[in-house]
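Beneath this line is the structure, given in structure tokens, with notes to follow.
A, B, C, D and E are the chain letters, set down in written order, and residue numbers restart from 1 in every chain.
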Amino acid sequence: MNAVIVDCGVYSHGVRLDRPTTVAGLRKEAEDAGGFAWVGLVEPTAAEFESVKREFDLHKLAVEDAIVAHQRPKLALYDDTIFLVLKTAQYLGEDEVVDIGEVLLFLGPSFLITVRHGDAGGLGQVRERLEQEGKLLEHGPGAALHAIVDRIVGAYEPVLAGVREDLDQVEEQVFSPAGTNPVERIYKLRRETLEFSRAVAPLPAALTALAGLPQIAPELRPYFRDVADQAAHVAEQVEGFGSLLAGVLQANLTQVSVRQNEDMRRISAWVAIIAVPTMIAGIYGMNFEHMPELGWRYGYPAVLLLILGACLILFRRFRKSGWL
Amino acid sequence: MNAVIVDCGVYSHGVRLDRPTTVAGLRKEAEDAGGFAWVGLVEPTAAEFESVKREFDLHKLAVEDAIVAHQRPKLALYDDTIFLVLKTAQYLGEDEVVDIGEVLLFLGPSFLITVRHGDAGGLGQVRERLEQEGKLLEHGPGAALHAIVDRIVGAYEPVLAGVREDLDQVEEQVFSPAGTNPVERIYKLRRETLEFSRAVAPLPAALTALAGLPQIAPELRPYFRDVADQAAHVAEQVEGFGSLLAGVLQANLTQVSVRQNEDMRRISAWVAIIAVPTMIAGIYGMNFEHMPELGWRYGYPAVLLLILGACLILFRRFRKSGWL
Amino acid sequence: MNAVIVDCGVYSHGVRLDRPTTVAGLRKEAEDAGGFAWVGLVEPTAAEFESVKREFDLHKLAVEDAIVAHQRPKLALYDDTIFLVLKTAQYLGEDEVVDIGEVLLFLGPSFLITVRHGDAGGLGQVRERLEQEGKLLEHGPGAALHAIVDRIVGAYEPVLAGVREDLDQVEEQVFSPAGTNPVERIYKLRRETLEFSRAVAPLPAALTALAGLPQIAPELRPYFRDVADQAAHVAEQVEGFGSLLAGVLQANLTQVSVRQNEDMRRISAWVAIIAVPTMIAGIYGMNFEHMPELGWRYGYPAVLLLILGACLILFRRFRKSGWL
Amino acid sequence: MNAVIVDCGVYSHGVRLDRPTTVAGLRKEAEDAGGFAWVGLVEPTAAEFESVKREFDLHKLAVEDAIVAHQRPKLALYDDTIFLVLKTAQYLGEDEVVDIGEVLLFLGPSFLITVRHGDAGGLGQVRERLEQEGKLLEHGPGAALHAIVDRIVGAYEPVLAGVREDLDQVEEQVFSPAGTNPVERIYKLRRETLEFSRAVAPLPAALTALAGLPQIAPELRPYFRDVADQAAHVAEQVEGFGSLLAGVLQANLTQVSVRQNEDMRRISAWVAIIAVPTMIAGIYGMNFEHMPELGWRYGYPAVLLLILGACLILFRRFRKSGWL
Amino acid sequence: MNAVIVDCGVYSHGVRLDRPTTVAGLRKEAEDAGGFAWVGLVEPTAAEFESVKREFDLHKLAVEDAIVAHQRPKLALYDDTIFLVLKTAQYLGEDEVVDIGEVLLFLGPSFLITVRHGDAGGLGQVRERLEQEGKLLEHGPGAALHAIVDRIVGAYEPVLAGVREDLDQVEEQVFSPAGTNPVERIYKLRRETLEFSRAVAPLPAALTALAGLPQIAPELRPYFRDVADQAAHVAEQVEGFGSLLAGVLQANLTQVSVRQNEDMRRISAWVAIIAVPTMIAGIYGMNFEHMPELGWRYGYPAVLLLILGACLILFRRFRKSGWL
């Protein structure tokens, strides 16, 4: 078995048949057994994908898309084969980055092919769980498709939670008196949010359309509609984050301005406090012959006291008015 | 009766039948009596909901949604059963927080099941009122559904009023000469408004669609359309608040800038007033041998008067031009 | 006749029948005469509206709306009766406030009922004018309805004119060198504009739908379409005002910043002009034994001249570069 | 011929019939000749328009619109007569104003009536050109209508070019080091752009709808679709200008802020340069008995050199760091 | 062969027929051979295009568009002939300019005509590659059309990459401590992005419509849909860039404000450090007779030390609080 083919098997009446994991003959075996074949690939090259393409008679264009993998989420039909592109998302909390991967799915009457690009960890577990439960697999490849889509969309929730948490932190930073300026963080969160939004936004329409296709068994339709609803919920939340981040960016600008004003007031207060002794000292530094205070015995300490007093009064008034 | 089941009864021709409040057999009793069963639950677990699910043959997906309860407002059909998700809203004035709850409703030909998450206080009163009036309940479970929806949407009005009041206060703060900076308050109001908007925005379409379903009796349709109109009105108001809050955020930035300028002018005026005596004193502190003023008898008081005069003139001019 | 009933009459072939202005029997009289009844009410309570409701068999929901009157502009159908909600607008120039009222209309095959909330002055004149012209009333209650709608929408134009004038004044204020900060005025104009926009925006669609109803005579349709066009024109203008006010708010922020900079330059220039004499005086205030200038006969006046010259040169340069 | 009637003629098989330019009898003559009448009016009053209205049996509402002329671009049908409202635009470069006029057109099977409000210069030339070419007029009044619409939409291009040029100039101003603040110019360009946009935006839809009307000959349809495309192109460009002007407004605010900072740095640098001599002079102005430097022969020039040196070093450092 | 005609040939069963490259007779030859003619032109004048127009009976309007070439991307039908307008894009990295060209295509049952305006380099290579592969050309002119569209849309990807790279650089600049102000660069990138967006945005709809036309062979439809998807992907990315650039513009304004504050603090700290010695020196410059410090032997050095110490303490405190 080629290294890019993670797993492949034939399922009939919910049970995995005992056969070697090679692609050759898969389709016929599946059709003979009245079941379906399920092949999983990871980042295949054109050459590596060739055998799968031939076995299941996949359309050239869909195959190209599956190999290059820079698609937006979409649903396409090539003859009877459904081609579905989904984005996987994962939140890397320490970098505050939404890591976007891609899963491309081919669904035929007797086969399901999954092509994974980037990290989409849980897909293997989906197969394991389905194989153990068995019952779901009796409904054919559509049920397996639903399980995968459900898993991928379900994995958006922790991403939402991660972004929400970072947004909460950013809000706290912006409105805290500490005076940090999280503008870079806000911007980058917004960028990640935008990318995530692009991954999610086209999904509800695609999944709703999928639910209406004749290839999907009627009893599965509510399931696809349900996951479409969930995707719509995620898309709405992400859009809301974008709007909040725009608001926080503007609030931050105001906060920066306000802090700037506070700094300016503090500086100015100190400048004023220093300017007063300089002025008084300047007056007694004048060289007039007739300045009675200069001859007084306690003139000097008196002036020092005057200076100190003036400074203290100023200091208190600035304190009171909140400038210091 | 399980604790999560708040109440359950069978209504026939507008009258509540005398029976124990247990779930078992509800449906049959209701059908036999030509009436309908009405079950109310609060935050049930999957296990707790199991008996209700079996009794009324509810769809697995809708049940999952009803237990997890992180849905957007929506209308879904599972076979003949209408599944409606609504958000309840309550304004906590002292925290300026819109508290969002969730009510999920199952409507079948002979039953109405309400699942409440979070605080949705008035629902119990709806039942009481309906039981007393009786007449409305003759129209079947749809009339009870309408009463609940009407109650929930009606409860949006005080939320609107609360937000409007806070918005008025914020406007006053922004434009008052006191110079406070309500940027955090504005931002948080905006966040709450956004969340409320997400709770309300999908409602008009869902209720309009509901009004068109064949399960809803024709004479009830205008009622659902009326409440859809009311929801549209609320959604419009909320959107308007969002727009006003964005405007107030920007106006506040301008106000902060303007106040910054006013502070700067005041500071600068005082600096100038202090700088003048320093300059004059500096001149008479020069050590030239031939400075006639220094020898004058009243040179010193004259200079003091000069200094005082200069300061007064400056002070008055700054006053007049509004800098002080 | 109840005080809330402003006027009520029966019109047949364009002529008002001579009868007491009481509600009882209105409908039958109108139907017998092959004409229609026209009843005008002002802010009725539920009790006061009761007789009208019974006489014309109005739907409970529409009646509730007509009494509470916090509706958005809308068109609803209750059986054969058309229910139309319109907002009246009036510009109170001295307060720069758009005063919004509400008119609710019931149109049946043989009656027209108008319910007015708030000031909607001209409605009485509409009836007078129609009664004098007579001919229009031959077309039945639809023609009267059109006359009212036309009046209400026509009254939007002076509101537009008032807002436009205030916007022009605000623009002038923002860009005038006088340096006022009309941010509060801009914000409040924006708020009024938003409210007016909510009153007008749903109208074109409602009136276009109205024009298509079978209850409206074909020859009246172009008239309703025309007033729908006019409403669309108003809505577009109002939206444009909103956009301009957003722009003016931002332009004002720039102007405030620019003026801030100009003030800072002016202040700084004066500080520099004062700092130079202080520095020069400081130098000649040093106590070195060997400072030849100190012994010069005209050292002191020379230094004074130097100081004056330096200040003058600085002053001129600042003038030239536009800082003073 | 009334002064408001610019020209009127009957065209048959592409040739203008020789007849007096009076309205009376126009329609019959045109129908008899199997051709069409073309009447051009300028800002008629109701009285002046009366004869035309009667001759061609125009609808009262369209006539009112044509006289008042504050319509948005629209297409309306009154029985068989097409009523089209267009806005003409002209760029007055020296004032940077988009001058909007209005042309209202009535198209019947055997007539075309044009009503012009404001300056719409080229319309007369359209008729001249068509009369010379003749061939186009064989296609009936629809071809003449197209020629007029084509002319009006074609005249939008120089407006676009004018706005684009002013936008280029504004961009240059904003980013030039000269430091002018073109905020008023930006705002006014935006206002003009908005008005122009209102004149153009509804056009593509109206013209596309026009192209689909049965009154328009099939061979003319591509021509109307083509001009609709052109209008869409203009509308798109205008919208783009609006977006760029919003961007330039914000960029300008940043530039103003940056220049403010540069001014502040420059000022501060000079203040620091002046403060150093004052400080040094202050030190040697102290009256200690034992200050050896004061007795030095060359103490004074040494200190002057020290001061000069310190100032020079500061000046150079500020230069290097770009503050001066 | 005219210079504006780059190449023209007849293809039958995937093979290019051996014939002179003249336009005359092309169509008949192609029809006789059961193949199609392919003519490529570069910026033709009306005169130069005349022979092609006559040979293939092209519609006057499409020909005008093809000569003037200031069209938005669009799809139009003139009888049986498909007229498609596309924009080519190229990123000139050193100037950060998106260079937009135009390609206009006529597709008939037996011909494909390409008219190129501006630089659209790769089109010649498309023909070469197709001629070598041959097989594709068997599918008729539609396949050649697809190859061209695919090439043009494919060439958008490097433009995206270029803009993304510049955006990354701009982000780095904005958030780097170096303190440059890339506002002009941001604005110009935004302008280019907007222009690119206008070139791409109408494409997905046009190509999707094209894929549905009966003139396109069913087996080619997925290909056109695929390239429509790719165009939608590009349009989405471009829109995302626009949103990010708007965000970066605002973030930059905040950064400029923050840096302004930092500069102001640094300046103020130095002013304070200089003001302290001036104040102390001023005090010992007073002329009181009884100032014991003045008579002390080491008064002067002690004061110098005091001054130095005060300055050092201030310097350290400012360092610690991050002002210096």
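Quick note on the criterion: a contact is a pair of C-beta atoms (placed from the backbone, for glycine too) under 8 Å apart; a residue touches a chain by one contact, two chains touch by 3 or more.
Because the structure is predicted, anything quoted here is derived from the model rather than measured.
Common neighbours of subunit A and subunit E, by the contact definition above: there are none.
Graph distance from subunit A to subunit D, where chains that touch are one step apart, equals 2.
As for how the two copies subunit D and subunit E face one another, under half of their interface residue numbers coincide. Superposition on CA atoms relates subunit C and subunit D by a rotation of 70 degrees, given as a multiple of 5.
Centre-to-centre, using mean CA coordinates, subunit B is 26 Å away from subunit C. Averaged C-alpha coordinates put the centre of subunit B at 42 Å from the centre of subunit D. Shared interface positions of subunit A, i.e. residues touching 2 or more other chains, are given as 250, 253, 257, 260, 264, 271, 275, 278, 282, 285-287, 291. Taken as a graph of touching chains, this assembly forms a single closed ring in which every chain touches exactly two others. Of all residues in subunit A, only 59, 61, 65, 70-72, 74, 76, 78, 181, 183-184, 186-187, 190-191, 194-195, 198, 246, 249-250, 252-253, 256-257, 259-260, 263-264, 267, 270-271, 274-275, 277-278, 281-282, 284-287, 291, 293-300, 303-304, 307 touch subunit E in the complex they form.
Note for the complex: subunit B touches subunit C at residues 171, 174-175, 222-223, 225-226, 229, 232-233, 236-237, 240, 243-244, 247-248, 250-251, 253-255, 257-258, 260-261, 264-265, 268, 271-272, 275-276, 278-279, 282-283, 285-291.
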